[in-house]
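Chain lettering (A, B, C and D) follows the sequence in which the chains are written, and residue indices restart at 1 in each chain.
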Amino acid sequence: MSEPVVWLTIFVLSVFVGIEVISKVSSTLHTPLMSGANAIHGVILLGAILVTGAAESTVAVAVGVVAVVLATVNMVGGFVVTDRMLQMFVRRPPRQPQEPRS
Amino acid sequence: MSEPVVWLTIFVLSVFVGIEVISKVSSTLHTPLMSGANAIHGVILLGAILVTGAAESTVAVAVGVVAVVLATVNMVGGFVVTDRMLQMFVRRPPRQPQEPRS
Amino acid sequence: MTPTWAQLAYLVAAVCFILALKGLSSPKTARRGNLVGAFGAVLACAIVFFAEDLDNLMPILIAIVVGTVVGVVGARRVQMTQMPQLVALFNGVGGGAAALVALLELDELSRFAEAHIARFDMAATGFTILVGAVSFSGSLVTFAKLQELMTTRPVVFPGLPVAFGAALLASVGLSATLVFEPNLSWGIVLAFVGLALGVLLVLPVGGADVPIVISLLNAFTGLAVAAGGYVLGNAVLLVAGTLVGASGTLLTKLMATAMGRSLFNTLFGALKGGSTLGAGEASDRPVRSAGPQDIAILLGYANRVIVVPGYGLAVAQAQHTLRELVDVLGEKGIVVDYAIHPVAGRMPGHMNVLLAEAQVPYEQLKEMDEINGDFKHADVVLVVGANDVVNPAAKTTPGAPIYGMPILNADEAGQVIFMKRSMRPGFAGIENELLFDPKTTLLFGDAKDTMSKLLTAVKAL
Amino acid sequence: MTPTWAQLAYLVAAVCFILALKGLSSPKTARRGNLVGAFGAVLACAIVFFAEDLDNLMPILIAIVVGTVVGVVGARRVQMTQMPQLVALFNGVGGGAAALVALLELDELSRFAEAHIARFDMAATGFTILVGAVSFSGSLVTFAKLQELMTTRPVVFPGLPVAFGAALLASVGLSATLVFEPNLSWGIVLAFVGLALGVLLVLPVGGADVPIVISLLNAFTGLAVAAGGYVLGNAVLLVAGTLVGASGTLLTKLMATAMGRSLFNTLFGALKGGSTLGAGEASDRPVRSAGPQDIAILLGYANRVIVVPGYGLAVAQAQHTLRELVDVLGEKGIVVDYAIHPVAGRMPGHMNVLLAEAQVPYEQLKEMDEINGDFKHADVVLVVGANDVVNPAAKTTPGAPIYGMPILNADEAGQVIFMKRSMRPGFAGIENELLFDPKTTLLFGDAKDTMSKLLTAVKAL
């Protein structure tokens, strides 16, 4: 297969996977799902590292560094905040009302 | 990407698509689904045509022709029989009991 | 190199297959889904004539015509009760085709490009040959079982596990040999080992488990086609085969679950001896049985009747007579519905197809969830050749093989009539307490036979 | 060329992302899914250091450390009520990064390989720049709206549709130019047009619709990353970006549906004038209102109370006080539960998070389906800053914007108490008949304020 067709094939299959995989989500999880997906596209960090690693002029490196910072914030922050949100969904032992016998 | 990795990627994505796409099927549809999937792999006909079209010895052509016949039976028969099955599932106008007033 | 437009068209065909599977998973879109799949298949096969340089066009076209005629005639002529074996047969020939394709490609590769053959290509070729052959012979055996060309009981002989193991080892060894020494002869030997393996795999499977095995072999063929696609460098084969392989594997698991069986037990249960399902012996506890006349009176004076059809109805082919009986009852003003359990019959969803073929109005076919609340209002439940699907043990007896399987609440009705030949248990091989319930009456005999007697008796009322 | 082991590792990372999304779609596996995604991301970014030849390692590593610190601190420090804007911000910076990456790649491509640049590559580069910039500026505006740095009302000015159209045309033209004349300057102009487009897209969206837009921009960023992956020839970016783009688009649609809105209306509703939701005016029909003391008595002598928290609770940040009130009632032996509507709050599922943060025991949080049957047994329903989610018009008034949306059956309870500031309607902008029901009592005032008064009054009982 020629290169662009390969990429197109992978793209098309990924579209189906992306749609099918989340098609059963309950609305309670919409927000964490959005946040988690948001973190996943933070993998653009990889691209930022690649272009910065290949940059030659100082300006290019500077722009690249900005891109790396932004992408890292997206990725790391995204996963951490999603995790924090999801902690809240976890079933925990019931909390005792303060001094029920007083 | 190198050729085998491309194929592996397409394979992996297809596995996910295949699984996710049917994960919600009701058991009533198990049989038609199996039959339809069965027809789909009849597309090996394409492969049979390719190798027969490239065959040189008479024996190879003969074997190829057998493969083409088998694959065509799989593909054509599979889709036709699935369609027949599914016709039965379609909601039809209620059938009148024979001469209800007699 | 395949031209780009053809590659794109192949991609379109692959997308059609995805949409086909998606469509087939939901009742509303199932038929359209199947047509989309057929369109994709025709598209893919049409492209190849324009995009590639093919010799032997005449033989190919003739072969396609022959195959089409055979396929269409077979698919149109078959009776709905024989659907399972037809699907098995179609699956088998597909597997056979994949194996032959791989053998031809092996021939080609080993002759022209000995030096350049990638190891991985050879592994994939070997895989296609082996799995295609397994699927071919395995499907033929399931066909023979379902068509009752041979016994439907599990076939086990003392050396079977050893033979199976030996064939398995041989196939692994041969595949490895093929990778390092690409050679047509090894390929042919591998194909024969695959044929043996397929037979040995399916022999010990009991008749009622056969649909699960057909589904498994279907997934096998899919994987063989996928590997063939890799060998031929054709993406649509890879995608289509993988789709079928993956969804078929899941479907096999879903089917087994719906029948309350594990896949491992299905395949190897008989080897372990022990619980060969369906082998249960008749009990000799007392039951109440009656003749067609008595049952006809029970039915004729009811207001609400629910019919529970099962495996035995399909075996006896009594569905047309049953439909007539229901029509006659309907004329008498009795409200009659059919309660369809999802795994009643020989394959999942089979009962719908059988009754639809007998021209039962769709409105009278009620899904389990829809009708389960109605049983307590029914005067009479007529259970025809069904057993497990109304066995209360599924609710009350933890440890029973069917425990946890949802059942039809026939036990809640006023009267229960069982039409069966004997006191033998059903597929799951366990006794059904409902048979011994005081409100139960049995009508013994082959369903087709007793059903027509019953029909005559009801008409005579 | 990337070494094969690295390509395989990238594939593993891509699979992790698929499993992450799959996990995130089900409550039981959500947290694990997120961790799997994080693992995939770390894996992918670690590989690149070993597999590729990178200059400027020091600046890159420092940038990563800085980004990590900012990200972790931001994510840990933020209050749960500010979650939506944080997600928007993270999404925006991701889009910005994608645009910058594409600009740098454009610089590279246009300088070194002018002759060989494939048209399609340039189109993809332009797409990444444009969409990344839109996502960046759009997300910043949503952030400003949610953080109340600007008005949360839709911002519409007369020239807006024209400006939007012009920017859209300009971006198409610039992209086309870029394809035929790869040149950094055009790219930078395109980026600025993208920034303008993002601002113009989000300005007319009202505050309550913002979560839908965040989800849409999230999908945009995904697509930008996917196109970036194509440009860089990196499969994991392509797969990850496409996954997010596709699932994000579907999620946006699901969200809009859950809120009873169409996506088109969300984005362009304000432009059409007409139904700017939330703009509904207060009615002056008579209602019964009461002070905290009276309400305290109602609550104090009930046996079963259900609390319905809504958007207003989140806005007023009254969740901690509410929890205290419920605790006090619990001490009095009153059974109190929270009824959580799926779209109560500022984002879907937000209410669960808010109440969990206020340390409400999970056992008291009841999903809509779970508790809807209990309302008829409740003596008092306390509706705090909610309105649409208990509006019976969803069942009774075809044509109402919320018609068909499942609601909490608060109207079935013995007494209903509303805590809100005025008679203004909720998000959907329609009147709530329940406010005028004889069994309803209103407690006017900011939820936080009145809630603490109510708490004092209940304690004093």
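Criterion: contacts are C-beta pairs under 8 Å (C-beta built on N, C-alpha and C of every residue); 3 or more make two chains touch, one makes a residue touch a chain.
A quick note: this is a predicted structure, and the numbers were derived from the prediction, not measured.
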Inset, instruction - Could you run down the chains that neighbour subunit B and subunit D together? - result: A
Inset, instruction - Specify the chain most distant from subunit A by Cα centroid. - result: C
Legend entry - Centroid spacing, where centroids are CA-atom means, of subunit A and subunit D in whole angstrom: 14
Legend entry - Centroid distance [mean C-alpha coordinates] between subunit C and subunit A, Å: 42
Inset, instruction - State, to the nearest whole Å, the distance from the C-alpha centre of subunit A to the C-alpha centre of subunit B. - result: 37
Inset, instruction - Would you pick out the residues of subunit C that each touch at least 2 other chains? - result: 18, 22, 235, 239
Inset, instruction - Would you give the residues of subunit A that are in contact with at least 2 other chains, written as numbers and ranges? - result: 1, 4, 9-10, 13-14, 16-17, 20-21, 24
Legend entry - All chain pairs that touch each other: A-B, A-C, A-D, B-C, B-D
Inset, instruction - Can you check the complex and tell me which residues of subunit D touch subunit A? - result: 13, 17-18, 20-22, 24-27, 30-31, 33-35, 37-38, 40-41, 44-45, 48-49, 52-57, 59-60, 62-64, 66-68, 70-72, 74-76, 78, 80, 83-84, 86-87, 90-91, 93-94, 96-98, 100-101, 103-105, 107-108, 118, 120, 211, 214-215, 218, 221-222, 225-226, 228-230, 232, 234-248, 250-251, 254-255, 258, 327, 330-331, 340, 342-343, 347-350, 352-353, 356-357, 359-363, 367
Legend entry - subunit B-facing residues of subunit A, complex: 1, 6, 9-10, 13-14, 16-17, 20-21, 24
Inset, instruction - Going by the contact rule at the top, pick out the subunit D residues touching subunit B in the complex. - result: 1-2, 4, 7-8, 11, 14-15, 18, 22, 233, 235, 239
Inset, instruction - Over in the complex, which subunit A residues touch subunit C? Could you list them? - result: 1-2, 4-5, 8-9, 12-13, 16, 20
Legend entry - Sites on subunit B touched by subunit C in the complex: 4, 7, 10-11, 14-19, 21-56, 60-61, 63-92, 94-95, 97-98, 100
